[in-house]
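Pasting in a structure now, in structure tokens, and then I'll have a few things to ask.
As written, the chains take the letters A, B and C, and residue 1 is the first residue of each chain.
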Amino acid sequence: MNIWEKMLNVDRRWIFLLIGIACVVPFFNPLGLPILPSAEVMGIYDHIEGLGPDNAIIVSFDFEPGTAAENQPMSVAALRHAFARNIPVYVTSYWPLGQAMAAMAISELTDESLEDYFKYVEWEDWASIRDQGIVDRAGIEEAWTAEGNTLPENARGWVFEGRDIAFLGYLPYFHLVILGMTSSIASQFPTDVSGTPLEEMPIYQDHKSLRDIDLAVTSAGGSACVSWITYGREKIGLPIAFGVTAVMATDYYIFIQSGQIVGQMGGLRGAAEYEVLLKENGYNKGYGKAFIGMDVQNIAHLLIIFLVVLGNIAFFAGGFHKKTKLKGRR
Amino acid sequence: MTETIGLWVAALFTIGIYSFLYKENPLYRLAEHLVIGVSLGYNIAITYTNVIQPKLLDPISSGEQGAWLLLVPAILGLLYITRFFPGVGWLSRYPMAFLMGAGMGVGFPLSMKAQVLRQLEASLIPLYETGMAWDVVIGNVVMVLGTLAALIYFFFSKPHKGLFFGTGSKIGIWVIMIGFGATFGFTVMGRISLLIGRIQFLLGDWLHIIE
Amino acid sequence: MKRSIPLAIVMVGGILFMIQYFIPHQHSQTLFDYYTQWAPIVGAFALVLGVGSLYRLHSHKIKRKAKNWQYSYAVLVPLFLIPIFALIMPESLGGGIMQNMGGDRVTQGVFDFAYLNVQVPIQATMFSLLAFYIASAAFRAFRAKSALASILLIAAVIVMLGQVPIGELIGKWFPKIGLWILRYPNLGAKRAIALGVGFGMLATQLKIIFGVERNWLGGAGK
């Protein structure tokens, strides 16, 4: 067994160890290299930037915990952008396990121990303001602060449950639910996940069906996002933005070029680009998990390329391309 | 306290599953089984509280107008259970037929629009316009010819010979390989991202040695 | 009764709703609304099939003391316990996870505990195992044996370098070429594949609607 053969037959657990080290060490020595946002991600950012309190969007958690490392930062970024601009958001989920991912994202953005959080005002807490018949966003906030509520120092803004957010959650056969929402959102979701009737919510008064929605951001771990195009975009022209795992991202460039989606966040890089845009434009003081993750990704990618090159050198230098069979355990 | 216990349980499972990289072991097997039970159990709970209760039981019990009509989907749905009784198992085809037939009918024109017509339309673009950067012009040519060539490659009703089918399919496979290369590159990024996510949990949420 | 009526339901439903798309008359819209409201209710019961099959499989395993039968309890116990906890503590359905809203993170219910600390870490870690295998595959299987394999490899390396910030340090053109590959040749290939899949899907849908494809009927009650 020559050296090349020995190298190619190395116990794969050594390679496992190498990749593990390559993903741990950079956390302690960050490179801090800049990430430039691509046109695909800026398409989504600009679209949301053009919206305000009179519009409404959907942020759909169409993934499960398996791909949360990629998908969750995208959804969190889109939600943050919407909360900061007081854009009403319907939160839905294509899969049952996605509903709790949505809960975790809302929880993260409203966590009072974190910088730049949003102070969550529960439905019952601002009942008196609704009773006064105040419906516009600025009026609600004004009345709320007039009641003696002040925004905590670390907080970026208020999120009024039922006006700024309606957490609708999961329903089975979600592609048909999308279709149903083209007629009426309340017919599909009579209540939010806590049981509050949708028809009583201020968000619903101006946004009764998908026809009244200005963007659906779907963060998907599989092909669920395509259902939003098929049943939302093609049925009523609903603008769609994709947040997809890197594995799927290359397949969906066709939808960007065809104009069926306004943009796409592809994998952790896409999420990091959105985080950069949020920070650069003052929506967040720091970066999120995706940006930090991309810093670590640098070394891992270099290692993988190194392994590919090394494997090929050993393969050709060892003459295995001339049909010399590799011996030993692989 | 619960949160701390939770973090330790989560960390134990994370490390337990990574121990599989060294050798298959009971902790991995336990995790593998638990994940199925928990996810389906969660699914049952969510389906009950999100669908059965608000969309079926509540309207019927509160006597909403026309709520009795909901008995139709409820009975249809219940027919699924007959699947477990050999004599009447065929009844479970009725709810399947209800969902599938109409679902495909609704979906057919929309899928055709989304995945065929719009894609064909998007391939018919001007390759050059004044002011277009040269890389975009080359790109457009590559994209349009690439689509055509790759379609020829997948067309198996004619032998891949001659200028059109022969050369076309050869160009097609080259374009497809570039596409697969891009997918591989992205797949690497995706897989590493998931690993980074877990390391962020272990080093950050659990051990608090990184931010 | 056993085959013809389900096939007829599929055909009538399929044709009716295809026409509905082109004639959005008030009556057809009402029909459409009923269908989309009922579909999740009917679909919800389909879960019974999954639960039933899983229960049968694992209870048999336990009864027969098959290999690794003890682990079947790890499937069955949460399968039934979690819905029970959800029923007796319904506020923990999402509400529990969100309990830190308002500052004080109160103890989570069993339901959320299982999701946050069992489901999330196990599922996420299992998916992340693939990072190790893809690294191993990169070393062992990714060979530039032919011109076609080489072009795949080159495209992959450029795209990989283009996606990470360090790529730009190595060569300014990596991100540019990487994006160009994604936007043009990759798009061409993927569109051809998507068209193939699209046509195939449409053909299958038509075959099912018109009863040519009947595999979905399964074997029950032949």
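Rule of thumb we're sticking to: contacts are C-beta pairs under 8 Å (C-beta built on N, C-alpha and C of every residue); 3 or more make two chains touch, one makes a residue touch a chain.
All values reported here derive from a predicted model rather than from experimental measurement.
Chain contact topology: the protein chains form a complete graph, every chain touching every other one. Set side by side, B-C and A-B show the greater C-beta contact count at B-C. Chain centres here are Cα averages; for chain A and chain B they lie 15 Å apart. Centre-to-centre, using mean CA coordinates, chain B is 4 Å away from chain C. Across the assembly, chain B contributes residues 21, 39, 42-43, 46-47, 49, 51, 55, 99, 103, 106-107, 110-111, 115, 119, 122, 143, 179, 182-183, 186-189, 191-192, 194-195, 197-198 that each touch 2 or more other chains.
Among the residues of chain C, those touching two or more other chains are numbered 32, 35, 37, 39-40, 43-44, 46-47, 93, 115-116, 119-120, 123-124, 126-128, 131-132, 134, 138, 153, 156-157, 160, 163-164, 182-183, 186-187, 190-191, 193-194. Shown for chain A are the residues that touch two or more other chains, namely 16, 19, 23, 64, 66-69, 97, 99-100, 169, 171-173, 176, 179, 193, 250-251, 254, 257, 267, 269, 297, 300-301, 304.
If you check the complex, the residues on chain A that touch chain C are 8, 12, 15-16, 18-20, 23, 31, 33-36, 38, 64-69, 97, 99-100, 102-104, 106-107, 110-113, 120, 122, 167, 169, 171-173, 176-177, 179-180, 183-184, 187-188, 193-194, 250-251, 253-254, 257, 267, 269, 294-295, 297-305, 307-308, 310-312, 315, 321, 330.
Residue ranges of chain A in contact with chain B, taken from their complex: 13, 16, 19, 23-24, 27-28, 64, 66-70, 96-97, 99-100, 169-173, 175-176, 179, 190-191, 193, 195, 226, 229-231, 233-235, 245-247, 249-251, 254, 257-260, 266-269, 289, 292-293, 296-297, 300-301, 304.
The touching residues of chain B, when paired with chain A in their complex, are 21-22, 39, 42-43, 46-47, 49-51, 54-55, 58-59, 99, 103, 106-107, 110-111, 113-115, 118-119, 121-122, 143, 179, 182-183, 186-200, 203, 210-211.
In the complex of the two chains, the chain C residues touching chain A come out as 29, 32-33, 35-37, 39-40, 43-44, 46-47, 93-95, 97-98, 100-103, 112, 115-116, 119-120, 123-124, 126-128, 131-132, 134-136, 138-145, 153, 156-157, 160-161, 163-169, 175, 179, 182-183, 186-187, 190-191, 193-194. Contacts from chain B toward chain C in the complex involve residues 1-3, 5-7, 9-11, 13-14, 17-18, 20-21, 29-49, 51-52, 55-56, 69-70, 72-74, 76-78, 80-81, 83-84, 86-90, 92-112, 115-116, 119-120, 122-123, 135, 138-140, 142-151, 153-154, 172-189, 191-192, 194-195, 197-198, 201.
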